[in-house]
Amino acid sequence: MPGDSIGKMFKISVWGESHGPSIGVVVEGCPPDIELDLNKIREELSRRKPGKNKFVSARKEEDRFEILSGLFNGKTTGTPISVVIKNEGLKKENYEELAKIFRPAHADFTYHAKYGVRDYYGGGRSSARLTAPVVAAGAIARQILSRELGIEITAYVKKIGGIESNISYDKVQQSDLSESLISFPEKDREEEILKLLEKLREEGNSVGGIVECVVKNVPAGFGEPLFDKLDADLAKAMVGLNAVKGFETGNGFSCVELSGKENNDEFTMENGKMVTRTNRSGGILGGISNGMPIVFRVAFKATPSISQKQNTVDIDGKEKEIEIKGDHDVCVAIRAVPVVEALSAIVICDHYLRYRGQCGIK
Amino acid sequence: MPGDSIGKMFKISVWGESHGPSIGVVVEGCPPDIELDLNKIREELSRRKPGKNKFVSARKEEDRFEILSGLFNGKTTGTPISVVIKNEGLKKENYEELAKIFRPAHADFTYHAKYGVRDYYGGGRSSARLTAPVVAAGAIARQILSRELGIEITAYVKKIGGIESNISYDKVQQSDLSESLISFPEKDREEEILKLLEKLREEGNSVGGIVECVVKNVPAGFGEPLFDKLDADLAKAMVGLNAVKGFETGNGFSCVELSGKENNDEFTMENGKMVTRTNRSGGILGGISNGMPIVFRVAFKATPSISQKQNTVDIDGKEKEIEIKGDHDVCVAIRAVPVVEALSAIVICDHYLRYRGQCGIK
Amino acid sequence: MPGDSIGKMFKISVWGESHGPSIGVVVEGCPPDIELDLNKIREELSRRKPGKNKFVSARKEEDRFEILSGLFNGKTTGTPISVVIKNEGLKKENYEELAKIFRPAHADFTYHAKYGVRDYYGGGRSSARLTAPVVAAGAIARQILSRELGIEITAYVKKIGGIESNISYDKVQQSDLSESLISFPEKDREEEILKLLEKLREEGNSVGGIVECVVKNVPAGFGEPLFDKLDADLAKAMVGLNAVKGFETGNGFSCVELSGKENNDEFTMENGKMVTRTNRSGGILGGISNGMPIVFRVAFKATPSISQKQNTVDIDGKEKEIEIKGDHDVCVAIRAVPVVEALSAIVICDHYLRYRGQCGIK
Amino acid sequence: MPGDSIGKMFKISVWGESHGPSIGVVVEGCPPDIELDLNKIREELSRRKPGKNKFVSARKEEDRFEILSGLFNGKTTGTPISVVIKNEGLKKENYEELAKIFRPAHADFTYHAKYGVRDYYGGGRSSARLTAPVVAAGAIARQILSRELGIEITAYVKKIGGIESNISYDKVQQSDLSESLISFPEKDREEEILKLLEKLREEGNSVGGIVECVVKNVPAGFGEPLFDKLDADLAKAMVGLNAVKGFETGNGFSCVELSGKENNDEFTMENGKMVTRTNRSGGILGGISNGMPIVFRVAFKATPSISQKQNTVDIDGKEKEIEIKGDHDVCVAIRAVPVVEALSAIVICDHYLRYRGQCGIK
């Protein structure tokens, strides 16, 4: 049964393979009569684009997109928005050798085991290339959330390898992030990370990272227990991203060591609005937003594409050695930042419309 | 839009509130002509039951269930299986004071904000009581997985407070778990945890914990990219559980500090079958099972119900103090163990049937 | 993949078999904070009940229902409403002979072919008994539609055998219907039908009928093209009903003989509101309600359960003769009237909430 | 909530507007490793194409399609198949006057009422142009059904205006249909229809028609009660088609006048296979295929686009007269023939995969 869609009321369906003629997304359920700023889609795609510095993949992705439906005189019509992004500058010749071998820690083997056939160019369907249409769809969701609810979404690199930012989520400055080459909020330690990345790049190696995301101004009430809780749906979206191995909200795994007395956020009133004094829960209680900033983190493993020699097996079950050529991201977490924001927007927009449907608009 | 179901082909819909006359689940999509062992459902419900030792809630839940449909002469008919579990031994008098106040770190406030009305007895819809029908449904899924594929699912407590088991997932003995009062695999350190729990209980406090789960014999090929990946669906199911703040697969968040060279699992052949030499990925690559054991961990926060004094706000926005009465779990992770297993079974059974539908049976 | 639910935002899942301990429905997505009148559920169930006159099945169905969740102090909480209806007064001894034989025009053979096992008591899952929970769920949907939008739903028998009412849908009087034993709007011809039914009953035979349904005060804008059009969803709901062989909206099949000039409804203004001078389209254009009364008809075949001798085949492929015992409906269309109304309410309520979600509330 | 998809396991999502740059469909859930014959897609699109004779719309639709994903070396990969069809030869200048007026019996008004904004060129989203991607998707489904199950689908015009074919569905010859200009199986009466159509065309008028469809070799067991019955899903697909006002299976509305004795199909054995002596039920019992040919009919109203003068209202509520220019289909039923076949294939393919998922492959 197909799993190519996410969202129930604001729903996106992503199609395409890394090296096919193009990739795309169909966005269904977008509210009508909203003026879309196409430049914002362009900007988000540009943030995700590889080749911006030497630690990310050098693939030339122009990410030129076309909107083929659902817009009329610049406004959404409530009908599906079809976005197509050309795959350009592809080199297919590099990939023939991958037809018959399984790269370690990649999805080559599992796609083969499942479907019996796979597009092996550039990872085919399992490529992070497929996050481009997600970013385009997210840029639409963000505009809805921003205009109708004033919601702001900011993600950034929290940790790369062993180097972690000490800046709390509520102290992160957008200006610092804009200046960073790697979306890292602690200016003083950026140099240290850049050195690590340079060293790994020279060795043909890679490293993991953590992305933290903060969503402000989500009203209390979004999320659909028992199973479509807001945090559950964010977890699904994030863990579904390429290379993700972990997800946590609020204080996450570290909450385990706290007692209830230490961990509970007490309620209080602030300007006539219910708030919590602390925000260890990360803005979600019982799977429903409580009006505080939503905070979560996503752990990315090191890019499995490394040029160092590795042992593996080919399609006929023979042991082989492999060295993966080409320029690859040294740390995928960096380029994942706008993707994490985009998926957050999609999930929250979906829950906004679901809320409106069942509970009306108060 | 309702979020009361999980699964697409093997689908469960859970209804009920903590202190209503009963709670239940409708299991749809169960393959027909399978002889169900009702004792296994009874056993699983009994594992989840509170009151087994003094560190878990003392509520008298007999968890007597009735199957009202979908079974004929002991066999599934392919039609919905309706399971109803009586709510027994309820004391409603304790809860009237909760009608107008929001317990910190509970879902009282968010349900109120969302729906404008809520059943406040025993947490109503947001109570962990609702995991009982999940366990019943999981016991059905397990039987299908066990008989048709030989799949085995084992969860246990990995960590409570600051005390963590050092036993690797592949060394955990079922026999050790059976003897443990708290499903903890490292016998020597159980005493230490019991002392911690006793101390917290006396203080009217609570603590968090981590549950680890291992699923063996899942064939390669389960999981539906791009969005319904197997790990993504497990993440959604687990993060949707009461009190969960984090989820990770394989080496999880710790993978961040590893390089690609260190983290990649190399492929090799073993008895004519493709395996990986290590299993850092936790049995899932690109969102699809690779045939290795599936390993994941779930972080539970401390039970928010503590008898110590806390500040909060009432329904009219007035600051109040609250002391929560009654016997509550000192550490919810302990009783969550069979629930984690049940949800795993449900998610994997769903993906098994989805696989059969699209890819056939090879 | 399970097909036991209908509706996406207002969703019902129906479980149970004719002669199991009980049957029921889980209603998900009901807006919160609505005071439910349980008497209206009782009344609707009573309208569907067999045994009211001698032309319908004599089964003693008291249809006592219990609501086990989703209601708190008489108000909906936005959580699933679980309704259970006891199966009472069952005689299982009559059915053993049906275990091994396929009744003509019944679902015995197809359930057997599909699932390999079936509950053969009283038709099991395929029994019209399962329309009772649908009626209960519909009685909830009706209350929402009636209070929030003033929507009124009226169905009645249009035709039985060759005898058709000549009264146009906009002339049908509720008072005439209430007085009719068979929900037939043309008083003068009721006698004629009653005679036909009596004759068929004596012969151990049955006959088909047409039910017409009119829904007033549906605002323009409900329905979700391309595929979840309002008429498409009504068609699905109605054709899914037991014994239904046809569905049509507006002038239906008879429109085929009209030219565009004759068939088009011209627009005009009436009290500042857009209306059509005629209503051949039956209130739906392009799959979306246009504000005019929604009108459709449903064709029911003769009850296949007849006591006359028929040829058939048993489970081992041997030719057999069968005479079906027991009191059965002479014309199922009569008892289907409240079921058609209930399903209409469910479909329209679903589209109302979907409309609110995407388009907001104007 | 979006309604742009149909099917659950074999799922298509259709996007686009009549006069946008292109239209398309994303086909999800297609089984992997199937060699697709693109010529068959081309042929089906060509059958649907307007301008083949003077009684159908003269729009120049070349219907050149591109497949952008999901195919690799000619084989399906199990990932979404994205099909894009260019909109060519568009004349936008004809449509400006339609921006502010509502054509009678068209969806102009209802789209306006629902969304507040609409693409008015050529009917925008509500245009029958959107059946082209459906036909492309259907051509994929047909190949799966044909190869794996030998299923054959044949639709044809049963009636136009008052002229109906007397040839029973089991006597219709594919060769007769191929020779017919209007897919009408009764050669002798084709002339009569052509005269009627010519007369209506000259008058600037149109007329309705009935399409009958026969599906052979569907195994017993497809269809998912209670609500996703095979006939219910066919009804939904067909009634969702442009201009459709009615749907019936087997003997349909005419069954109403028959007694149970007359209407029941008796079972018998034929070459070791269970069959029915007659097929009044149209191959479906209790919502599940019984192995006999599936037979249904779809009623299309007259094209609402007529060049005769009509009264209507404009967007400001002012009464207006309108004469619709351009060449339009005199009878849409004719061009709907391949669309009815395509939708049948999609619905049945969906149920085939659903059957495989739950019941396995026997």
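In this document, chain identifiers A, B, C and D correspond to the written order of the chains, with residue numbering beginning at 1 in each.
In this section, contacts are C-beta pairs under 8 Å (C-beta built on N, C-alpha and C of every residue); 3 or more make two chains touch, one makes a residue touch a chain.
Every value quoted in this text rests on a predicted model; they were computed, and no experiment measured them.
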Graph separation of chain B and chain C (steps between touching chains): 1
Between A-B and A-C, the pair with more C-beta contacts: A-B
Length of the line joining the C-alpha centres of chain A and chain D, rounded to whole Å: 39
Chain A and chain B: spacing of chain centres that average the CA atoms, whole Å: 26
Inter-chain centre distance, chain A versus chain C - centres from mean C-alpha coordinates, in Å: 46
Interface hub residues of chain C, defined as touching at least two other chains: 1-2, 4-5, 8-9, 14, 29, 32, 78-79, 114-116, 125, 225, 353-354, 357-359
Chain D-facing residues of chain A, complex: 1-2, 4-5, 8-9, 11, 13-17, 20-24, 26, 28-29, 32-33, 66, 68-70, 72, 75-82, 84, 114-119, 124-125, 353, 357
Residue numbers on chain A that touch chain C, as the complex places them: 1, 8-9, 29-32, 78-79, 225, 353-354, 356-361
List of chain B residues in touch with chain A within their complex: 1-6, 8-9, 14, 102, 104-107, 109-111, 113-116, 125-126, 130, 159-162, 200, 205-210, 220-229, 231-240, 242, 244-253, 255-269, 272, 274, 276-277, 281-282, 284-291, 299-306, 308, 310-313, 317, 319, 354-355, 357-359
